[in-house]
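Next come two complexes built around chain A: one with chain B, the other with chain C.
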Partner chain A sequence: MSTFTIPVGPLHVALEEPMYFRFDVQGETVANVDIHAGHVHRGIEYLVTKRNIFQNIVLTERICSLCSNSHPQAYAMAVEQIAGLTVPPRAEYLRVIADEIKRVASNLFNVSVLAHLVGFESLFMHVMEIREMMQDVKESVFGNRMDIGANIIGGVRYDITPENAEYLKAQLDKVEPAIAEVTKIYRTNGSILGRTRGIGVLSREDAINCSVVGPVARASGIEYDVRLKAPYSAYPNLQVPVHTLKDGDVWSRAMIRLAEAATAIGIIRQCLVQLPDGPTACTSERPAIPPGEAIAKCEAPRGELIYYVRITDSPRPERVKWRVPSFMNWDALRFMLKDAKIADIAIIVNSIDPCISCTER
Partner chain B sequence: MNFIKTLIQNLVSGPSTVSYPFGPAWTPDNFRGRIDFKLASCTACRACEQVCAPGAIRFDKTPEGLRFMMWHNTCVFCGLCEHYCPTDAIRQTTDWHMAHPVKDEFGMAIRETIVYVNCTGCNAKTLSSAPNPVGVEPPFTPEEIEQQRNLCPACRKKALAERGAVS
Partner chain C sequence: MTESFYAIFAMLVFPGGLFALALGLALKGLDRRLAARLQRRVGPPLAQPLYDLVKLAKKRTMVPNIASEPVFLGAPLIGAVSMALAAALVPIPGFYTPNPAFGDLLVVLYLLTVPAVALMVAGSASGSPFGAIGFSREMAMMLAYEGPLVLVVAAVALRTGLGQGGWVSFSLTEIVAYQRTHGAFLLDPVMWPALLAFLAFYPANLGIIPFDIPEAETEVLEGPLLEYSGPALGLFKVMSALKAVVVLGLGIALFFPYAPDGAAGLLVHLAKLVLLMLIGVSVVRVSCGRMRIDQAFRFFLKWPLAFSVLSLAVVALA
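Showing the complex of A and B:
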């Protein structure tokens, strides 16, 4: 059989993001893959050092649209550590609510794109429509569909009033059964199973060797979730179930994301019940931030997100560095794509939900 | 097949799109849209300028006073200016109808000037900005705000002290 090389990307119909792969294929099977990065470098790490500490809350939110709440949250957590600020309990709960609302929408987005790549357009539309209910929640509670702007340094800048708590609960009551229903479809539908079961397998050993994080790790049987291993915000007071599956294929990763969307709804409900009264930020003005450095991490929808912040006497941070989940996960694509069929490439790449905008920033 | 059921349900419930621009589009009350600025409430503290990440807000000195400038096309609708403004002088409205012809581009801005006046206490040239209400107990009355507006910083302090307020 002849061997030839095919390029996929950086602009490609089936890829959601600009990654560039060079595949050596034998017949229809991938023999070797080269992954090249660097097509959408925006210089945000540099830009961050040109904005002051408070402006960066907004800038970090714009690194990635799907994890847009996790970036400012981790950044704020690091700055709060440096300044020794205590976030009031109500704000901690509000942060969790914001985070989990984003998680539901983000996970639904990823599984809907899977349906799209499988060619099941009506399911794609259906899941996007369920996600739309969460988009409406974001728009009504926070005022924006993607960049919800929940965090500030020292707390949050939105509040859950009794009216929008009612609205939120009503929407969750609609979304929850809808997620249960699509989970059943993903579990039983022949078209989905045929294209995802046993495809793009990442074994537990390979997963450990690649240090993958988030749903990719949990789908390969690694029970790692920052919300449990290093609880932050209000997570220590909440029941956070961790889902794991053993097979490590595309299907398992989709099922993990659906299961996590469902449990995120449970976590939001717990927060609404436990939500304490009190202020939503430690001060209404801009707190003083002394020099220092800190590391903070949180569980973004795609996995562990780590922030490092160093502040000197200047109002601008000297260095902000983040390690995003996709950076850890995309190396594992080499293992997942080994011996894959050409037709499955896009489905496998999508299954790690690669976020190039935050990896290459 | 499960999906047939879902499909039929979706057929029955009808389309979920709206007919905008031919019909109304739903906008929630909390929507973070176009910036609105109330000159009379502005204390000239410039907090909004300092937190605005894209630099949509700028203050500059003119012969008449301190000019507030805000460019709608540069704004990213983050709402930080509203959050840190002590008097709600700057806030976001629910208006998102901001498409405009290119020829109107330079009109998509707010330009207003906080003018200089002579202090009614000491006659020094000063900005007629609103007083900062943070920490003032009991809160300013509307008359007091007008009175403060025409005082220089030193005379404002004196007036506050005479009134027995802590600031």
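Showing the complex of A and C:
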């Protein structure tokens, strides 16, 4: 059978962001794949060095809309390390709450897109409807649906009033059974199982060789979660269950995301119970930041996010470098797409939840 | 002279041509609306398919440089015309009986394969790799569902023919007349396997989820339709609207042609079409995901084929 080349991307209806794959296909089967990155270089790392340290909180939040809380958080953690600031306990808990709310919404988003790619539009709409409840939470508690602006250097910008806490709890009580129901659908529905089980398999060995992170790693049986291995914020005081599956296929990755959305709700509840009183930021003024360099990492919805910050005498950081989870998971696509069917390409690419706006910084 | 006038009228105005087109667009609009409601969306206005068509008619058709232009532009035309003809051959029980001189059930069967062939030709003529994938998928789907369809039709023809004391009857008029006196095949347990096989053929022929594989948007970007725009794309939309009327009308004629005579018969027919569209198409397509081509092929070789063979055997023995 003759081989021909099909382009997937840079603009493709099934891909949400510009990425480019050239597939050599034989009939319906992928024979070879060329992955091209670098279509949307954003120059945002350069831009960060042109803003002062405090402005960069706002800028880093705009790197990615789905991990828009993790970026400023990791950045703030690095700067706090340089300045030796201690974040008040209440702020640490509030950071975790913001982080986990974003995680629920982000994971549900990815899982719903999976249903869309499988052609199961009703399920897509249904999961999006559940995600909408979390969007309501973000809008009510933080005042914004995507970029919630929770973090500042030395603490958080928002506070949870008793009223808000009640509302948050009520919303979580609604979302939790909905996620359980959706999980059951993904576990039993024939359409979903037929299209996702055994597809895009990443073996444990390949996963280790590619150093994949986040749900992709955990679906391949690697028990790695920054919240557990290098606890930050209030995570040391919280019960954070880590889910792993062994198969490493598209279905496992979706199930891990659903399970993590469910546990994130548990974590938010724990935070609301343990939430100590006190200030939400270490100083009311902008703290002085001495020269220095630091690395901080946190667990974004897609996996480990690492920030490196170097500050000199200038009010602007000399260098800020971030390594995003999609950057690590990107290469593993090569293994997942091996011998895939054309019909499964989009499903497999979506299963690592690639974030090009983070990766092509 | 009057006969040929009626023949042309039947193909261009009623029940083929304009009438079938209006009906098909209305059915598509209803389908979209109901599917939206089932997904808790508002959905487009009922006339949305018509608006789309008008918009496409006003635009320009772009022909890709590498496409073969006559084939590229001819394929949608042939597809649409074949369906307009087929619509004139499907009876409306109690209201319209096609002139037997045009052809019978076998001609309808042949005409029903034309849209799929037109899509395949369109896909390969467009020169796009996605069109080529669409071509091979359409071909596989056709191989999968045509067999069961032919066997189902044979079972119906045999049942009618044997019931009349003859052999097989491929005349849709006779099939309808037989059922109106002896009871619909829908209520005849002997015909149930055939009915089941026919129900699987619906979504495959109409190209809806779970069998919209040749045109899967998230996989092959509408496949054969990818390079089409303007009036040529509009003709494919016309074709698919007409096809809905033909295929659903065929199902009614084959399985439950109960209807009063006269204008009431037309109304009953319309009601049945709407019901079939909503139950057989809208509900099916919102309640499952898309199959992969190999899964769909295996599905058809397993269930509908088994049911259609069974139905033929049962009818022959009964």
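Keep this in mind: the second predicted complex is superposed on the first by the 361 of 361 C-alpha atoms of A that agree within 3 Å, B and C clash if a C-alpha of one lies under 4 Å from a C-alpha of the other, contacts with A are read in each partner's own complex, and residues count from 1 in each chain.
Methods note: a residue touches a chain if its C-beta (ideal position, glycine included) is under 8 Å from a C-beta of that chain, and two chains touch if they have at least 3 such contacts.
This is a predicted model, so every value here is computed, not measured.
Aligning the two structures on chain A places chain B and chain C side by side, free of any clash. Look at A:Ile345: by the touch rule set out above, it reaches chain C but stays clear of chain B. Panel annotation: after superposition on the shared chain A, the angle at the CA centre of chain A between chain B and chain C (CA centres) reads 110 degrees, nearest 10. Of the two partner chains placed by superposition, A:Ile35 touches none, neither chain B nor chain C. By the document's definition of touching, both partners, chain B and chain C, reach A:Glu129.
Residue contacts after overlaying the shared chain place A:Leu228 against neither chain B nor chain C. Using the contact criterion defined above for the overlaid structures, shared-chain residue A:Ile295 touches neither chain B nor chain C, since it reaches no partner. By the touch criterion defined above, A:Leu275 lies against neither chain B nor chain C after alignment on the C-alpha atoms of chain A. When the shared chain is aligned, chain B comes close enough to touch A:Ile57, but chain C does not. Judged by the touch definition given at the top, the superposed model places A:Asp147 against chain B, while chain C stays out of reach. Least inter-chain distance for chain B and chain C in the combined superposition, rounded to the nearest angstrom, is 5, based on C-alpha atoms. Residue overlap on chain A between the chain B contacts of one complex and the chain C contacts of the other covers 122-123, 126, 129, 189. Contact residues of chain B toward chain A in the complex are 1-3, 6-7, 10, 16, 28-32, 47, 50-54, 76-80, 83-84, 86, 92, 134.
Contacts from chain A toward chain B in the complex involve residues 51-52, 54-59, 61-62, 122-123, 126, 129, 132, 136, 139-144, 147, 149, 152, 157, 164, 181-182, 184-185, 188-189, 284-286.
Put simply, chain A touches chain C in their complex at residues 4-7, 12-14, 25, 27-28, 115-123, 125-126, 129, 189-192, 194-195, 341-346. Taken in their complex, chain C has these residues touching chain A: 35, 38-41, 129-130, 132-133, 136-137, 209-210, 212-213, 216-221, 286-295.
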